[in-house]
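Structures for review follow.
One chain, subunit A, appears in both complexes that follow, with subunit B as partner in the first and subunit C in the second.
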Partner chain A sequence: MKRLLPYLAVAFFASVPLWLQDQYFLHTLVVSGIFMLAAMSLNLLLGYTGQLSLGHVAFFGIGAYVSALTSLGFSISIFGYQITHEPWPAVVGVILGTIVAGLCGYLIGKLAFRVRGAYFVIVTISFAEVVRLVALNWVELTNGPLALPGIPPLTIGFEWTGYATLWGKAQNYYVVLAAIVLAYVIIKRLVYSPYGRAMIALRENETLAMSVGVSVTKYLVLAAIVAGAMAGTAGGLYAHYIQIIDPMVFMFLNTVTMVIMVITGGKGTLAGPIVGGLIFGIAPVVLRSYVGPELQWILYGLLMILIVFVLPDGIVPAIERWFGRTSESAGDRRSLTLETSKASQS
Partner chain B sequence: MDQLLQHLVNTLIMGGTYALLGIGLTLIFGIMRIVNFTHGELYAFGAYMMYFFAVILGMDFFLSIAFAIVAGMVLGAAIEFTLLRSKRGADIDTTMILMIGAWIVLQNAEHLVWGGIAKSVPSPLPSEPLVIGPISISWLRAMVLLIALALIAGTYLVINRTKLGKAMRATFQDSGTAALMGVNINAIYTMTFALGSALAAAAGALLGPVFVIAPTMGDLASLKAFAIVILGGLGNITGAAIGGFILAFAEEIGAGYISSGYRDAMGFLIIIIVLLFKPTGLFARTERIG
Partner chain C sequence: MNAVTTHREPILAIEHVAVHFGGLIAISDMNFEVGEGELVSLIGPNGAGKTTAFHVITGFLKPTKGRVMFRGTSLNGLKPHEVTSLGLVRTFQRTSVFDKISVFENVLIGLHRRTAASLFGTLLSLPKERHAEAELREKAWEILKLVGIDHQADELGGSLPYGDQRLLGVALGLAADPSALLLDEPVSGMNATETARFVNLLNKLRERGKTILLVEHDMPMVMGVSDRIVVLNYGRIIANGTPTEIQNDPEVIQAYLGQGVKHA
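== the complex of A and B ==
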C-alpha cells in the first residue's frame, strides 16, 4: 500500500483535468504545482542539508527571466558593444533557465557556504535582494517595473512530428505534473544515494561528518546546484505559463511561501513539500471568498507560528507516526524523519 | 567638493537613525542570538505610533516620540513573552521561523489597520533649512540627529554603567551562573528584547516625520539592520553605531555617484563582502561565525 501511494497519487492527479470543470481552479493547481516544484527544491537544502536558504526565490526569478528573455530576444549594449539575441523556442528558454539557475546555485553555494546558521540565511536574503534590484534597475534588459509582457507559451514536438503550442490550462497542467514527477524521482534517487547520506550526515553533525571524510563544500554545493536548477525550471515554467513577469517575482513573500510549504508539510521528507504545496496552493482560493488579502497573510503567519508550537516536524511525519508503519521503506523514511526531528530539537 | 560635503552631512543624519536600528538589533541578534525579522516591523510600528500620538491624538511632537518609544518597548516585550519565552534554547531555525511568522502578521496588521496609503507627520520646526556655506540642513533632520545621538549615548550608559546592564551582560555570557547569582534571567531576556525593540521604534518615530509612513517600510529596515550588525560584529554596540554611519555613507555615495536605483543594494553588497572577507565584522575581537 505504502509503495503504491506515489503511483496512486500520480494517477489521481493525472485524471484531474478530465473531470474538473472549474477552469479557475485548474489554473490554481498549475500555479500551486509550479510553487510546489520550487518548494521541493528548497526542501533539498532546508530538509536534507539543514541549510535554511531564504534567497530561494532568486533562482526561481533567474530561471523565469532567463527563459523569458531567451524566447523573447533582447538587444542591449555593454561597454559600447551591442549584443542582440534573436528569439529562440520557449523549451530552449526553460532549459537555459535551468542551467543558468544551476550555475548561480554553484556560485552562491561556493560563496555562501563559507558561513553557517544565521549568517548563511542573511547572505542568501542579500543575494535575492541584489538580484531583485538588478531586475528592477537594468531597464534595458528586463524592462524594469514595466514588466516583460507577451512571453510565448511552451511548444512541444520535433521537426518530423510538427509543433504543438501549449495555450491551454490542461496541457500546462500535464507539463507541470510531469516536471514534479521527474523532480520527485531525481530528489529520491539523490537522497537515497551515498550523496544524500553525506548531506544528511552534514545536517546531523557537521564536525563528525567531516572527521569521517565527508567533504562539506562538495556536498553542500551539489545540493545548491540541484536545488537552484530545479527552482530555475519552476521559474521558467511559470514565465511561459503566466506569460508576463516583472521584478515582483523576486518578492520575499514568494520565498516565505516556499518555506511555509516545506515546514508545514514536513522538512526532510519526500512528500512534505507536496502536501504543504497543495495546502498553501489551494488555501488562498478557498480563503479569498471570505477574507481580504491582508487577513489571509495574517492567517498564514499565525499558522506558521502554530505549526512551530504544535507540529514542529510538519504534517507528513505526524501522519506517519500516527499510522506507525512497519514496512521496510516506511521504516527507512521514518528514520530520516526521526533524524529531522532530532535536528530540529538540537 | 560642495556636493561631497552635502553627502557627508546627509550621511550623519541617516547614520544616526541607522545606528539606533543597528544597536537595537545587535542586542537581540548579536547577544540573544535571535534572528529577529520583526525588527523592521517595530521600526514601522514606531513610525505609526508617532502618527497616532502626534496627528490623531494631536499631542506634543516630542512627547509623541517618547510615547512611541514606550509603545515599541511594550510590543517588543509582548513578542518575547508570547513567542520566545517557551522556545528558549530551541535552535536558531525554529525561532527564525517564528519571527518570520510574527513579521508577516505584524506587517499585514499594519496594512489592515492603517490602510495602504502613506501617512505623514507634520514637523513643528521651521521649514526653512539651516544654511551654512554650501550646505543646507533642515531643522527637523538636525533635531533627528541630536535625539538619535542622545539615545545612542543613553543605551551605551545603560549597558555599561548600570546594574541592569551588568545583569544583561552576565546573562548572555553565562545564563546558568547569572541565575545562580540571583539574576532573574527570564526578566533580563524580556527586557533586552524590549530595549532592542524600543530602539527600533525610536528610529521609526524619528524618521516618520522626515519621510512618509507606509506598511512596507519595515522590510528594508530589517535587512539594513542586519547589514549594520554584521558590519559591526555581533553584539558589539560601538561596532553597530559605527556600522550605521558606514552604511549611510555607502548609500549616499552609491546613490549620489552610481545610480539612485542602487541605493538600497549597498547594504546587501556590504553584507556579502563583509561575510566573505571578514565574517567576524570590522570591529570584532573574538571569532564568531555562527
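== the complex of A and C ==
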C-alpha cells in the first residue's frame, strides 16, 4: 500500500483538470504546486542536512528573473559596453534559470557553510536581501519596481512535432505536476543513496560524520546546489505562468511560506513538503469566503503553533507513526531514520 | 625500558608533537610509534593529554609543534575526513553513534569511504549504482556480524544498551575500512561481561591484521590485550614498554598512586 501511494497520488492529481470546473481553484493548485516545488528543494537543505536557509526565496527569484529576462531579451550598458540579448524561447529561460540558481547555490554554499546554525541563517537572509535590492534598483535590467510584464508563456515541442504554447491553466498544471514528480524522484534517489546518507549523517552528528570520512563542505554544498537549482526551476515556471514579475517575488513572506510548508508537513520526509504545500496552498482559497485575509494570517499563525506543539515532527511522520502502530511492523521507528531494507540479508 | 621504536615496521609515528592551548600545555613533547599490526595502549591519569593526542592524530586539532606521520605521509593540515580517507579512523568517547538512525544505517553511513556511486549514476539509478548499493548492504551485515550486534540491526542507535552502543561505535569505525583504528576509551562504563565481549572483538580485529591504538582506563584489560603501552602524564611520555615493564616502572607507579609511604 505504502509503495503504491505515490503512484495513486500522481494518478489522482493528473485527473484533477478533467473534472475540476472551477478555473480559479485550478490556478490556486498551479501556484501551490510551484511553491511546493520550492518547499521540496528547501526540505533537502532544512530536512536532510539540517541547515535552515531563510533566504531560499532568493533562488526562486533568481530563477524567475533569469528565465524572464532570457525570454524577453534586454539591453544594458556595463562600463560603457552595450550588451544586448535577443529573446530566446521560454524553455531555454527556465533551464538557464535553473542553472544560474544552482550556481548561486554553489557560491552561497561555499561562503555560508563556513558558519553553521544561526550564522548560516543570517548569511542566507542577507543574500536574499541583497538580491532583492539588486532587482529593485538595477532598473535598466529588471525594470525595478515597475515590474517585467509580458513574459511569454512556455512553449513546448520540437521542430518535427510542431510547437504548443501553454496559455491555459490545465496545461501549466501538467507542467508543474511533471516538475514535481521529477523533483520527487531526484530527491528520493539522492536521499536513499550514499549522498543522502552523508547529508543525514552531517545533520545528526557532524563530528562523527567527519570521522567516518564524510566531507562536510562537499555534501552541504551539493545539497545547496540541488536545492538552489530546484528553487530556480520553480521560479522560472512561476514567471512564465504568472507572466509578470516584480521585486516583490523576493518577499520574506515567500520564504516563510516555504518554511511553514516544510515544517508542518514534516521536514526530512519526502512527502512532508507536498502535504504542507497542499494545506497552505489551498487553505487561503477555502478560507477566503469565510474570513478576511488579516484573520487568515492569524489563523495560519495559530495553526502553525498548534502543529509545532502537537506534532513537532510534522504531519507526515505523525500519520506514519499512527499507521505503524495500528498495522504492525514499523514499531516506534521515527521518520528520521531511513528505511531499513534487509534485502541482502543472507 | 624506554624502547621508543618498535621491531615492526612503523605505520603511525607521532614525532615530537606539542599542543598548547594559550598558556596551557596539554602535550609538551610526545614521541612514539605504532608498528603495523600492533596493539598499543595510551594510558595515563585524567587530564594527561590522551584525548588531545587522539584529536591531533586524527586532524581535529592542529599540533603547536611536531607532526604526525601515517604510512610516510604527514597528516599536518589535513581535515578529519582526509585523515580518514588515508585509512586512519577513530571512535569517540561520548558521541560514538548516530542516535536517531537505525543500527544498520549507522554502519551504512560508516561505509561512506567505500562508496563509489557517482552523482549522475545515482540520479539515473543505473545498474552499476544499484549493484554497488547492494554490495554496501552486504558489507554492512558482515560488519554487524563481526561485531556481534546483527540481531539489533533495526533498533535505533541511541536505544541500544550502553555496551552495544560502544560496539556499534567500533562497527562504524571498522566500516570506514581502516588500516589503523584509534579507540577512545571503548570499555569505559562497560560491565565485566561487556568488557570480555569487547576484548574478544579486539582479538578478532588483530587476527585481521588491524593496527590498533587504544586509550583506556581499565587497567586489567589494557594489561591483557596490549603489545606495548605508552604512559602519558602531564602531557609528556613517562614510560613506553611491554605491559610487564610498565607495571614495574617506578615513575608509572608514582604517577598513578602518588609518592607512596616513604614521605609520610
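FYI, the second predicted complex is superposed on the first by the 325 of 346 C-alpha atoms of A that agree within 3 Å, B and C clash if a C-alpha of one lies under 4 Å from a C-alpha of the other, contacts with A are read in each partner's own complex, and residues count from 1 in each chain.
Throughout what follows, a contact is a pair of C-beta atoms (placed from the backbone, for glycine too) under 8 Å apart; a residue touches a chain by one contact, two chains touch by 3 or more.
Treat the numbers as computed from the prediction; the structure is a model and nothing was measured.
**Q** Have a look at where A:V100 lands relative to subunit B and subunit C in the superposition and call it first, second, both or neither.
**A** A:V100 sits against neither subunit B nor subunit C.
**Q** In the superposed arrangement, does A:E204 touch subunit B (first), subunit C (second), both or neither?
**A** So A:E204 only meets subunit C here.
**Q** Pick one for A:R114: touches subunit B only (first), subunit C only (second), both, or neither.
**A** So A:R114 only meets subunit B here.
**Q** Which of the two partners, first being subunit B and second being subunit C, lies in contact with A:A271: first, second, both, or neither?
**A** neither
**Q** Should A:N137 be classified as contacting the first partner (subunit B), the second (subunit C), both, or neither?
**A** First partner only.
**Q** Applying the touch criterion given at the start, work out whether A:I180 contacts subunit B, subunit C, both or neither, answering first, second, both or neither.
**A** It touches nothing on subunit B or subunit C.
**Q** What is the contact status of A:G213 with respect to subunit B (first) and subunit C (second): first, second, both, or neither?
**A** A:G213 contacts subunit C only, not subunit B.
**Q** From the superposed pair, tell me which subunit A residues show up as contacts to subunit B and also as contacts to subunit C.
**A** Shared contact residues on subunit A (touching subunit B in one complex, subunit C in the other): 343-346.
**Q** Over in the complex, which subunit B residues touch subunit A? Could you list them?
**A** Residue list for subunit B touching subunit A: 29, 33, 35, 83, 86-87, 90-94, 96-98, 100-105, 107-109, 111-112, 219, 223, 226-227, 230, 259, 261-262, 264-265, 267-269, 271-272, 275-276, 279, 289-290.
**Q** Sort out for me which residues of subunit A touch subunit C in the complex.
**A** It is residues 186, 189-190, 193-195, 197-198, 200-201, 204-205, 207-216, 222, 331, 333-334, 336-338, 340-346 of subunit A that touch subunit C.
**Q** Once bound in the complex, which stretches of subunit A touch subunit B?
**A** 52, 111, 114-123, 125-127, 129-130, 133-134, 136-137, 252-253, 256, 259, 263, 292, 294-295, 297-298, 300-305, 308-309, 312, 343-346
**Q** Quick one: in the complex, what on subunit C touches subunit A?
**A** Listed in rising order, the residues are 58, 60, 79-81, 84-85, 89-92, 95-102, 104-105, 108-113, 115, 117, 119, 122-123, 125, 129, 133-134, 136-138, 141, 153-154, 156, 172-173, 175-176.
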